Structure formats: C-alpha cells, structure tokens
Amino acid sequence: MKILVINGPNLNLLGQREPGIYGEQTLESINSDLSARAAELKVALSFFQSNSEGEIVDMIQSASGVFNAIIINPAAYTHTSVAIRDAISAVAIPTVEVHLSNVYNREEFRHKSLIAPVVLGQIAGFGPQGYELALKGLMGYLMKS
Amino acid sequence: MKILVINGPNLNLLGQREPGIYGEQTLESINSDLSARAAELKVALSFFQSNSEGEIVDMIQSASGVFNAIIINPAAYTHTSVAIRDAISAVAIPTVEVHLSNVYNREEFRHKSLIAPVVLGQIAGFGPQGYELALKGLMGYLMKS
Amino acid sequence: MKILVINGPNLNLLGQREPGIYGEQTLESINSDLSARAAELKVALSFFQSNSEGEIVDMIQSASGVFNAIIINPAAYTHTSVAIRDAISAVAIPTVEVHLSNVYNREEFRHKSLIAPVVLGQIAGFGPQGYELALKGLMGYLMKS
Amino acid sequence: MKILVINGPNLNLLGQREPGIYGEQTLESINSDLSARAAELKVALSFFQSNSEGEIVDMIQSASGVFNAIIINPAAYTHTSVAIRDAISAVAIPTVEVHLSNVYNREEFRHKSLIAPVVLGQIAGFGPQGYELALKGLMGYLMKS
Amino acid sequence: MKILVINGPNLNLLGQREPGIYGEQTLESINSDLSARAAELKVALSFFQSNSEGEIVDMIQSASGVFNAIIINPAAYTHTSVAIRDAISAVAIPTVEVHLSNVYNREEFRHKSLIAPVVLGQIAGFGPQGYELALKGLMGYLMKS
Amino acid sequence: MKILVINGPNLNLLGQREPGIYGEQTLESINSDLSARAAELKVALSFFQSNSEGEIVDMIQSASGVFNAIIINPAAYTHTSVAIRDAISAVAIPTVEVHLSNVYNREEFRHKSLIAPVVLGQIAGFGPQGYELALKGLMGYLMKS
Amino acid sequence: MKILVINGPNLNLLGQREPGIYGEQTLESINSDLSARAAELKVALSFFQSNSEGEIVDMIQSASGVFNAIIINPAAYTHTSVAIRDAISAVAIPTVEVHLSNVYNREEFRHKSLIAPVVLGQIAGFGPQGYELALKGLMGYLMKS
Amino acid sequence: MKILVINGPNLNLLGQREPGIYGEQTLESINSDLSARAAELKVALSFFQSNSEGEIVDMIQSASGVFNAIIINPAAYTHTSVAIRDAISAVAIPTVEVHLSNVYNREEFRHKSLIAPVVLGQIAGFGPQGYELALKGLMGYLMKS
Amino acid sequence: MKILVINGPNLNLLGQREPGIYGEQTLESINSDLSARAAELKVALSFFQSNSEGEIVDMIQSASGVFNAIIINPAAYTHTSVAIRDAISAVAIPTVEVHLSNVYNREEFRHKSLIAPVVLGQIAGFGPQGYELALKGLMGYLMKS
Amino acid sequence: MKILVINGPNLNLLGQREPGIYGEQTLESINSDLSARAAELKVALSFFQSNSEGEIVDMIQSASGVFNAIIINPAAYTHTSVAIRDAISAVAIPTVEVHLSNVYNREEFRHKSLIAPVVLGQIAGFGPQGYELALKGLMGYLMKS
Amino acid sequence: MKILVINGPNLNLLGQREPGIYGEQTLESINSDLSARAAELKVALSFFQSNSEGEIVDMIQSASGVFNAIIINPAAYTHTSVAIRDAISAVAIPTVEVHLSNVYNREEFRHKSLIAPVVLGQIAGFGPQGYELALKGLMGYLMKS
Amino acid sequence: MKILVINGPNLNLLGQREPGIYGEQTLESINSDLSARAAELKVALSFFQSNSEGEIVDMIQSASGVFNAIIINPAAYTHTSVAIRDAISAVAIPTVEVHLSNVYNREEFRHKSLIAPVVLGQIAGFGPQGYELALKGLMGYLMKS
C-alpha cells in the first residue's frame, strides 16, 4: 500500500509562515510524524512539495499505477487551478484534500475550492493532524472497496 | 470526556434514503459503531437527531457545561440555518461539522455552509467513517489544548 | 388509495389573512370541499397543517409506506427549506406542489422554489381549486404508472 | 364558451422529440383527447401551433372578443419573449400557462418564465394531462367570476 | 393596552453568549426592566422566547385579537425566515423589529432583513435599551392612530 | 426626404391595450397626425407595424437606399432583439428609438435596451408626441450633416 | 409660462470639453438659441448651471410655485444622485431629462439613470437640439394637461 | 450636554413633500417639539439642515469638541455618501441614524446604508417620533458610558 | 450525403454590412464557393437564409429525415434563441455552429451562445472559410460514426 | 512649472482622524514638506482642500490653462464621484491620484476607483510620502512629453 | 512555412484520461496524423506539450520570428491563464485555439476562455480532427494575408 | 541595504511587446537605469524575471533574510495568483507592487489585484519610472521604520 502526499505552494515555509494561522510545526516534522503513523498501518508514504502548479500536475500524473491514493493540500492552488483538478480527474486515484486552517473563516476567495468536486473527501481546520485523519480516512475507504 | 453527536434533518432515514448518495447503513448502526470506537478512547457519546432547527438549537445550548465537544452533521440546515450557527458560536464548545457525501459535487446551493465559519473543522465525503474521523480529530484537538 | 395533504406556515389563517391575496375561504372549508371531491374518486385524504419546518419534515417521513402521494403547499418554506426538499427526495412518494396565489407576480424572493426540482409537478394561481387540480393530476399520474 | 389552445415552438414535434423528456404522444393526439374532454364540458376549443413568436402574438391579439380564455404552452418562448407577455397583458383574457415537463429540474435558464407574471396560473410537470388540468382550472375560474 | 415581546433563537443565552457583542445583561433582567418601564406607561407586557421558527409563527398568530402590538427581536431568523415575515403580515398587528447589536457592522448576511419590509419600524444597536425605545415608539404610534 | 416609421409588437393594439400606460389614441390616429406634421416639413413618411421580429429586420434591411432615416418603437423587442440591433447597424441609416411610456419606471427588464447603443438618439415618456419629437430631431440632424 | 433649465457638472465647459463627444457649441450659445426658440412659443426660460449637487437640489426646490416645468441635464449626477431624484419627486413639477450624447454607447456606468424613474420623459443623443425637443415635449404635455 | 441634529437633502420640504411617505409635519415643527423634549432632559440641541453633502461633512467635522452626540437623518446621502460616513468615523462622536419612513419597503437602492456601519444605532419608520427615540437612546448610551 | 446550410438574420447583407467586421464577400459568393468544395466531396448542399427565428426553426424541423447534417450560423439568434436550440436538440441531426467573426472580442453579450451546448462543434473567427472547415469537420465526423 | 494639489473630504482632519489608518501628520505639515521638496525642483505648488464635490469640480475646471499638472487625493469621492472624473477628463491636464492608505486592504467599496481610469497614474499606501512620489512621477512625465 | 502546435496540461494523458470525454487516441498518434497531413501541405510542424503555464509562456515567446503560426489547445489554462493570453498578444503570431470536447456542454467554468479574445479563431468539439481543421484554417488565413 | 526586483510573465519582452501599451524601453535598459539610481542611494539591487508562477514564489521565499524589500511587477499573475500573494504574506518583507500601464483603463479583469491587499503600496501608470518611484517609496518607508 503506497500513498503519495503532495503539499502545494508556500507549505515548505510551515513553522515560519504566519504561525498564528498555520501553526509552528515545520513540514518536515509533520511529514515525519505522518510517516511514523503510516508505518504502524503498513503504508509507505512518499512526500512531494512544490510551489509550481505544473510540477504538481506532473507529480499527480506520475502517481498513476504507482500509488494507491493521494493526500493533497493544494494550498493557494485550491482556488485557482483547473489544471490540478483535471489531473486528479484524469488519473482517477482516490484523493483526499486537506487544509490546515479552517478556510471558511478566512477571505471570501478561499471559500471556493476548484479541487473539491473531484476528490473523495475534504478535511479542513485540524492543523497537521488533518493529514493523519486523511490517511486514516483513505485506509478505511480502500479497505472497503 | 463527553461528546455530543447531533444529526440533522432526514438523517434518521439513513439506509432507506437515496442509498446511492448516502450509503446503506442506518443511523442506529452508525451510532453503535461510533460508540464502540469511543469506548476504546474512554469517551462517552450522547446521540441526538432531529428534523427541527429549533430543537437542534435547544440541544446545542444544553450542551454548555455538560459536553466537551460536539460533532454535528447539520444536513439541510448546513445551508440555511443562521440560528444553528449562532448557537455554536454562543456555547463556544469545540465543534466539528461532518457531511457523509461530498457536498461539493452536488447542487450549487450545497456548496455554501453557514456553519463552517464557526466550527473547528469540517470533514466531508467519507460516509459514516466521517464521524469516526471527527471524533479522532476532536480528541487530538482536546488533548493539545 | 390514500393521499396526504400538507399545508405549511400561516395557511391555518386562510380566510382571515390578506384575503385580497389568499381568498376568503378558510382552510377547513377548503379541506372539506377537497374531501368531498376525493370521496367521489375513491381516495382517502389526510390533512396536516403546521407552522414548523421540522414537523412538516417529520410528517413527510411518516408518509412513507402509508400514502400513495402527497399534495403540499409549502407556503413560506417553499423559498427557504432545503430540509423539506430533502424529505420529499428521501421518501420518493409522488408529490405535487400547490400555491394559491400566482407567486410569480409577487416579491422576487417568492419566484424561486427550492421544492420544485424534486416534485412531480406544480400548480399555482388557481386559489383553493389548485388542490383539486393537484388531486386530479396525481390520480392521472398514478393511474398511468 | 370558447377557449384557444396555443402551442409554441417545437411542440409540433411531440412524440418524435426527446420522448424521455416530452413523452410519446403526438400533439394531434393530445389535442384530440383534449377536445373530447372539452366537449363533455360544453366548451369549444381552437388549436394553434407555431414556431414563430410573431405569429403567436398575432394569434393572441386575434383572440380578443372571440375567446373566453387561452391555454398556452409557450415552450422556448417562455424564457425569451417579452412580446408574448405583452400580448397577453394587452388582450386581458384569462390565460393559463402549461409546461409538459417539470421545467424546474432542467437547465437554469428554463427556471425563469417571462410569461408567468401576467397569467392567471401555471401548471407544470403533468405531461399532456396538464392541458386538461388547465381547462378544468379555467372553467372553475370562469364559473366563479 | 397589551404588548407581546418576542425574542428569537439564542437570546435566552444573553449575558452568557459573546458578551462583547450582546452585552452582559440576561434576558430575564432585560424583561424585568422593560416590565417596570411598561407599568409606568400602563401597558401590560407578555414575554415569549423560542429557538423554533415554527413556535414563533404560532405565537405571532395567537397574538391576533389579544395584543395591541408586537416587539420582536427575530435574531438569526431575521435573515432566513419568510414564515415569520408572512405571520406578521397576516396578523396585521403593529410590530417593531429590535436588534441589540448594530447588525450593519457585522457579517454581510446580517445586513439583510426579511422581516423589515413588513414592520412599522426597526431599532438597532442600542443594546437592551432598544426594547424600551421600541415600546415608547409603539406607544407613540398607537396614541396617534 | 423619406422617413420610415416602424412600430413593433402589440402597438397595433394602441387605444385598446392598457390605456393607463399607453394612452387612448389608436396607432392609425397617431400615424395620421404624424403624417400631417411631416407634410408641413416636406417629408414623406412610410408606416410599418409588425409583431414579428424577422419582418422588422426585413423591413429595416429594405430601407437601405430608399429612406433617409428611421423612427422605430421596437416595443417588446427593445429588450430581447439582437437581430433588430444588428439590422440597424448593418444598414447604417440614422435611426431614432421612441418609447411611448417612461420605460424606466416600469419592470426592471424594461430598463435595458439592446437597441439604444446603435441608434442616434432615444426619446421616451412623451406618449404619441414622442414620434413628432423624433421626426423633428431627425430633421435637425439631417439638416446639419 | 415659465420653464427652468438646469445644467449639471462640467456642462459649463461645453465647447471646450471633449468636443468629439459633446460638440463644439458653448453652453451660452445653446442657451441663447433655446431662449430664442422659447420666445416664439411665449415661454420664459431661466438658466442655471452648477457643479454642485447640493446647489442643484436647492434650485429644484426653489422652482416650486415659480416654474411650470423643468428641463434638466444632470450630467454626471444622473448616475450618482439620489438627492436630485428626491428633489424632483418632492417638488412634483413636470421634468424632462436631457443628455447631449447617446449615453448608452458609452461606459457601462452611464447606462443607469437614477433620475429617469421620476421624470416625465428622457431625450438622449440629439446634442444641443435635445433641449429644444425637451421644450417642445413639455409644451405639448402642459397643453394637454 | 449638547447634541447636534443634522437633516440631509430635501428634509427642509417636510410637510410639503410627498406627505403620504414623509408625513405632514414641517421640519421646523419637528425641531421645536424635539427641543421641548430635550429641554426636559437638560440637553441643548442645535439644528442643521443642508442639501449639500460637503456642508454636512463640514458640520460634522465642526462638531468635534463641541457636541456630545449627533443625531443625523442623512436622507438621500444615506445611500451614496462615503464622505459623510468618513466624517462620522473621523470625529468619533456617538451618532444615531434616523429615517422617517421604513426605508426597507421602498426602492431596493434605499435598503443599503453607507452610514449604518459607523453609527451607534439606527431608528427607522417612526416618523418624526424617531428623532425623540434617538435622543432618548443617545442619552441612555451617554449615561452608561 | 446531403447537408443543409442555414444562415441567420442579416447575413443576407454580407458584403454590404460592416465589411470591417464581416468581410467583403457576399453570401451568394460564399455559398457558391462552398458548393464547389462540397461537390468535390460528393456532398449536396441546400442553402437557407432567414431573418425570422420561426422560419429557421421550421427549416431545422424539416431537415429531419432529409439531411445528414446541418451547418448553421445563427448570427444574432445565437445569443437569444432557445427555440432554435430546442429545434436542434429535437431533430438530433449532427450540427455545426459557425461564426464569421471572433465573437469573443466583441460585445460581452456575444460571448454567450445558447446554441453551443447542443451542437457537435463550433468554429469561429475564420471568415467565410469557416463554413468550409465546418463541412470538412462534419464529413470527418460522419465518416467515423 | 505649476502644479495644483487637491485634497478631498476629511483630509483636513489628518493628524486627528483615525491616526492608525491615516498617520499622525497634519495636512498643513504634509503640504509644507511637499512645498519644500517642490521648491528644490523649481515647481510652484498650490494647495486646495474641500469637503464639497462641487467645489473640487470647480477647482479642477479652473486649473485649465493655469497649472501644468494636478495631484489629487479624492478621498471618499474616489468611489462615488463621476463629476470629478468628468472634470479631469474635460480639462485634460496630466493628473495623478494619491491615496495615503492601501485602499485595497480596507472595505470592499474602497477597492473601486471611478477616478483611476482617467488619470495618468495612481500611488497608494505610502502615507504622506505618496504626494512626493506623485510630484516626482509627474515631473518625470512632463520632462518626457 | 512552420507552425508550432502547443498542448496544455494533462493532454499528454490523452487515450488514458477519461476516454468518454477526450477520445481514445494518444497525443503521439494525433500529432503523427497531423504531421502527415501537414507534410502534404508543405508545412513543417513542431510539437510541444507542457503541464506548466510558465513553460507554455516561454514557448510562445520563443516562437517569435521562428514560426508563422501557432495552434494551441490550452486545456485547463484556457480558463485561468492571463499569462498565456498576454504572451499570445505579445508575439502577435496568428494563433488558433482548439478544444477536443465541446466545452460548452461541460461545467460552467469551462464556458469562459481567457484566450479566445486574442486569437484568430477557435475550433471546439471535433476531437483530434480539430487540429487538422485549425491547420487548414490557418493555411487559408496565411494564404490570404 | 538590498532590494529584490521581480518582473513577472512577458515583461522580458518589453520593448518588443505592444509598445503602444508598454513603451519602447527593454527590461535590460530599465534595470540598468534603476541600478544607477539605486547606486546613488547606496542600495544594491538584484533582478529576477520569470514567466513561471512557481519560480516567482520560489524567489520570494528565498528573499527571506537576504533582502530588505521587494519591488514586484506581477504582470498577468497580478490577477490570478493566490500563490504569489501567499508568498508575500509569508515572508513578511516590505513589498511594493508596480504596473507600467494604468491597469484601470484596460480590460475589466485587470482592475482586480490579488496582490494589492498584502503589499505596502502600489504604483501604476508611470511606465519604467514606476520602478524608481517604488525604490524611492521603499527607501522612505525603511528609513522611517
């Protein structure tokens, strides 16, 4: 069982960037916690972060036939990227969308996700724990299907 | 540790109602699975379902000083109830919003949640497993605070 | 053959309430005329009126397996209730929406029905006679299916 | 008692055109059923179908002083014709708007009727039976006035 | 002279609920102050609070023939209830709408009142004193008519 | 000097149709008054009325090389006809748009003219006298160019 | 018979200001031509130009009981002044709105007139001749009433 | 204790202007009644009316350090003046907004107040009595702070 | 193989009408070039032009069972005709929509096609050559199916 | 070289008004700093501040033939004044728009400038230094032309 | 004669990705067919596909002075990329926009092309054949200019 | 003192691209002029241009701890990039947004900047001189803080 974890633009700054909104844990630390949790579940994780919409599309495409599922926090591209949406539709791998903060009590333009209609489910507002919930949710889904 | 689980209108019909969208498990069965999981975590759950906006507001109010957290699937009231939103703000108990289906690939009016801006987090699209993720997410949050 | 007739908020005031818009006949009198007409058609009617959205949802749910069809005048809830819409979808009983007045020459917000997309048909503007047309329309539909 | 029945664009194709939406009965057959029903009620019907907005306006105008009422299914012109609306207002003959399908669960632009605010009432979703309900509704209205 | 004072959802929590917005006085205390003031004016007050839209509609209906006027703080239902609006229109009793806070410097959706077009007047932003101003305003109005 | 006067749908009913809005003079009488006035100015008028958008387009096209100017009251087609707009642009004959009533204090949809951006000028609200003002305005314009 | 002619902001620059849009005639020259024409009709004109919304309101108010009619070119205030609209409603003197250019083929915000719904009629696109048409239109109207 | 009472455009016409909407009492009479009431409360009132947005801004600015509070009926400028809004914010004197009529059952553009978000409170629909309620509301507020 | 070529309103003026936008070739010349090209492909073309929406609907209906495909340039009716859209849906003949100019760099209202959702494909901006591309595209499509 | 500096409503309160947004320097002090800077550049400045839209229009008009350029901070009138916009277009003097604060992170209605489309350039968010940048920008522009 | 063919994000997945919408032919196969067709016309094609908006902009820029024309299927970037639009405007090389599917009967956001206003023409709905039509259309255009 | 100057997509084409809008100076020449000016002010500049959103995000991130300020002309990404906005917020370095042209008199979609709410200030319409004004503005700001 292999799952790909994709983090979008500016998430490499976690821990430094506006900790009042995004928390104080770095992405490395979040990933390492998540790997530990995945190991217990016998799941191998691969991590990818990019600030480039095109590279994220490339990575989603390359997941086809390699990964059983995708966990993605598209960050800013949530609200602007039809290309990432189309990539997720195209590879047809079960995908979960995660947001660290509760995007619904921030600026109006963050309330609309172009990604949401093509994913299995979304999880928002739980901070780094959201990735773990996504992992658990995906495992439940994959077990069932 | 006590958590209140509120289900909104028409969720009492789960298992009968449009199983293509909402799945085949009844609410009783979902609740019973969730109770079992909560017991493992040393959490006591109380369940409440109502088709009435006013009764849900009453119940949220009565949770004050009794429950440590709320899990709510507001169903249809997600999109129309300022009263439930105000009740959640008023009692200031950590609350998670759950939706069984992925509301973002259904009718346009289901994309807007009046509840979302006042909750801790939302989980959508995972079917009955969503309640369990919410429970886990709340426990993580309460442990941390 | 049993049909449930549901009247929404403020329709219990018919005859007193703004007779210029809603006419001078009371709801009791309308119901009694309709029962007489139904008897000729060998149909049994049950009547329900409530000012509460939740009670109307409860009643629609309870119609499942008991009634062959529903005639509903959702009144104010036509424009605001996703819960009643979801209840009608959930029970999947043939339903007709009736409005006494021509809602399309009144305030803008009355032009939009949340209920209309899930019913068999709508009848508006015929005053109390609208219920009789709905009854006849339902009978025609049920005969055919 | 004379009533004019007007059918708008493409309704001459009934029976051939998208039977999943519009049913399998031809317009001739619908008209003939309706005439039979009207004869029982001692009402004479005249039928008119046109694909031209202007001809429909001409016909409505010519109804003045000749017909006691109009039944109109404006089809596509429901959503685009101010001219037909103005003609109905101008002749001031009681008019009922009929739609075969439930226009409210079709494309968004079919939800708005320019005709509705100037007619006595609307009936939608009952298939060919809708004309009969309109006839009955008009008779009830004319008896009362 | 009898006046009915209706308070909508979550106003029973006054004093506890977000005191920064709604103040620290309880509803009981507000009502008792208002009663004292009314007594000086030889007016008898009845108080009603409910979290249920339907119960508020019921209460407004029952005011007919019993009360000379209504003071209503519809709270959350201000923005969502056509049913309460229709009830006020139906009973045709002079009604004043009160809001404790200045709703116009809060969330966008609180700027729109469905109730306002059918009441005599509105008073917003004066805290508990708003009820007293409403009482005084109603007395002035009733004296004049 | 020859000017074509075009009247759109339902204007043939002038004098009968809603005299409160459109006045009591018939179109024949208006035309005859206007002819008299034109004769004084040494202008020959031709009159055309049609309820058909297509016929009005045909007539505008045929004016090319025959008439020096057009006076048009597009009536209902003011708000819905791109075809008439395109015809006026295509023939490039100076055209004045006339409305009998003040369209700006009627229904919202009558406030928008698709024709206005391609004409020389508009005159609205002066009743039948509007045609005479249009004639005078056109003469002034043609004298100057 | 006395008529007040009001010109709004920047119209004092006529002849200098963007002659491609507004023409090359100065306001003095336009007024003097108009006076000559009025003298033939036995009408006395008074002229007023101001760049100030408040002064235009003052002037309209002062017309009450002094002038039989008003011709106004509100220029920029057409699109932004509720105060001028209210003044025209308040004095209830027949008023005609004139625009030199065809405002409907300019910027979108110039298509909406706040003044139009409260005047007798509008004339746009005829350049300086528009005032003369307005004068003639007003005389026709006053003769008739 | 000194309070400034500002009345905006066209309110100097009260008693003459559309008495069906604004009542039959003149502004002088309203002011004199209000002064009498203020005298009882040991408050000195100053009155200012202007049709000019700029003069109203000037007056609000000059209130700084002189008046304890402002009562303003901005009339037409309610809906169009950011300058008056900014002046009220700038002087930071407690201000109450008054409207004679119920602006919420008039034209759509009167439902939006640019002033409301920066005042202490609003009172609408009580006719001239609204000023007295505002005075009382301000006194209550000033006593409390 | 027979294909019907329909040209909408004002296209009969090609060559005369605004050559800067529509080119200098007449419709006859375009049709004759297209016929020559079709002859090479062993396709028989029939040509129809009308300024009337109703006649275009009639013609599309009459194509059923006679033509293998339709090429249509709906011109102005592209943006306003639901009737033509419904006719194309009804006859279910493969149809291609052609526009001479690039409608997307013209007025906003020309960006929306009511026809586009029901055709096989659209071609815009290639001038008269667009018809030839449509012919070729249709042939490719018909060969494949 | 002479440049006119215009400051709009409430800017005379600088230093007193909301210093958190607008800074603590008075307008006199800003003007005096700016004059010193201009003197170095051999430019003579004239200063004008008004709370009246009409006076600002008057002043812009009077700049014609006297000043080489205008620096304007239209303050509140930025968002509401077509009259000032038209005045700037009319005099055709190079004009720069300055805002002290970053208007784009304030209320939504402050994001739209009616003035911006007719000026040479805008400078926002630099506090009092913005005027100096505008002066420098204008000098650069005038040197080049 | 050299033409550059650019394919946007996810088009490298053609043949695998949702074949119901995009067909079963791979991009390599489409390109190879198109090359063969181009060879007959003595045109050399270069192919470029990228998932990155920036790389597509780079490629369009590099076409300047090298290619005579561009065929572009911007895929997802059609609806979101101002950068690609600006690049096409900047290089001023004749460009045709191609879409495989009929974008007008898919999601609403796919109906709007940011690219369309700056290209020569668009072709949509013809599947892989669309590229061939674009090639032919471009050749016709280049021959003529 | 070190400042990073970032230029977005297509700005590498300056001098070639639409010189009517963007001027005839190349980016190299602009940068070199700006460096000379910076040297006088004892500021070191670094220049970066990219057509890729992701690379611009990368560069902004890498500025953290290295540069004292950023000058950015986001070009097309001004209107579409939440990622660049988030990067600027994340690094919290004082940033100025520059536009060569006056974006407010171009297409509607260029009037909205996603970047503006998170920068210190914006400068638009001054051509290449805008960068120098930004440099000066930043120096003033940095001196003061």
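Each chain carries a letter (A, B, C, D, E, F, G, H, I, J, K and L) given by its place in the written order, and its residues are counted from 1.
Definition applied: a residue touches a chain if its C-beta (ideal position, glycine included) is under 8 Å from a C-beta of that chain, and two chains touch if they have at least 3 such contacts.
If you're wondering where the values come from, they're calculated on a predicted model, not measured in any experiment.
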{"item": "Fewest touching-chain hops separating subunit C from subunit H", "value": "2"}
{"item": "For subunit C and subunit G, chains touching each", "value": "none"}
{"item": "Same or different residue numbers at the subunit F/subunit G copy interface, by half rule", "value": "same"}
{"item": "Selected pair, out of K-L, F-G or G-J, that shares over half of its residue contact pairs with E-H", "value": "F-G"}
{"item": "Length of the line joining the C-alpha centres of subunit E and subunit I, rounded to whole Å", "value": "62"}
{"item": "Geometric centre distance via CA averages, subunit K-subunit F, whole Å", "value": "47"}
{"item": "Computed distance of Cα centres, subunit F from subunit D, in Å", "value": "31"}
{"item": "Where subunit A touches two or more other chains at once, by residue number", "value": "52-55, 80"}
{"item": "Chain-to-chain touches, reported pairwise for every pair that qualifies", "value": "A-B, A-K, A-L, B-C, B-E, C-D, C-E, D-F, D-I, E-H, F-G, F-I, G-H, G-J, H-J, I-K, J-L, K-L"}
{"item": "Of all residues in subunit I, those that touch subunit F in their complex", "value": "8-10, 12-13, 16-18, 50-55, 75-77, 79-80, 109"}
{"item": "For the subunit G and subunit H complex, residues of the former touching the latter", "value": "52-55, 57-58, 61, 64, 80-83, 85-87, 89-91, 114"}
{"item": "Contact set on subunit D toward subunit C in their complex", "value": "102, 104-105, 111-113, 116-126, 129-130, 132-133, 136-137, 140-141"}
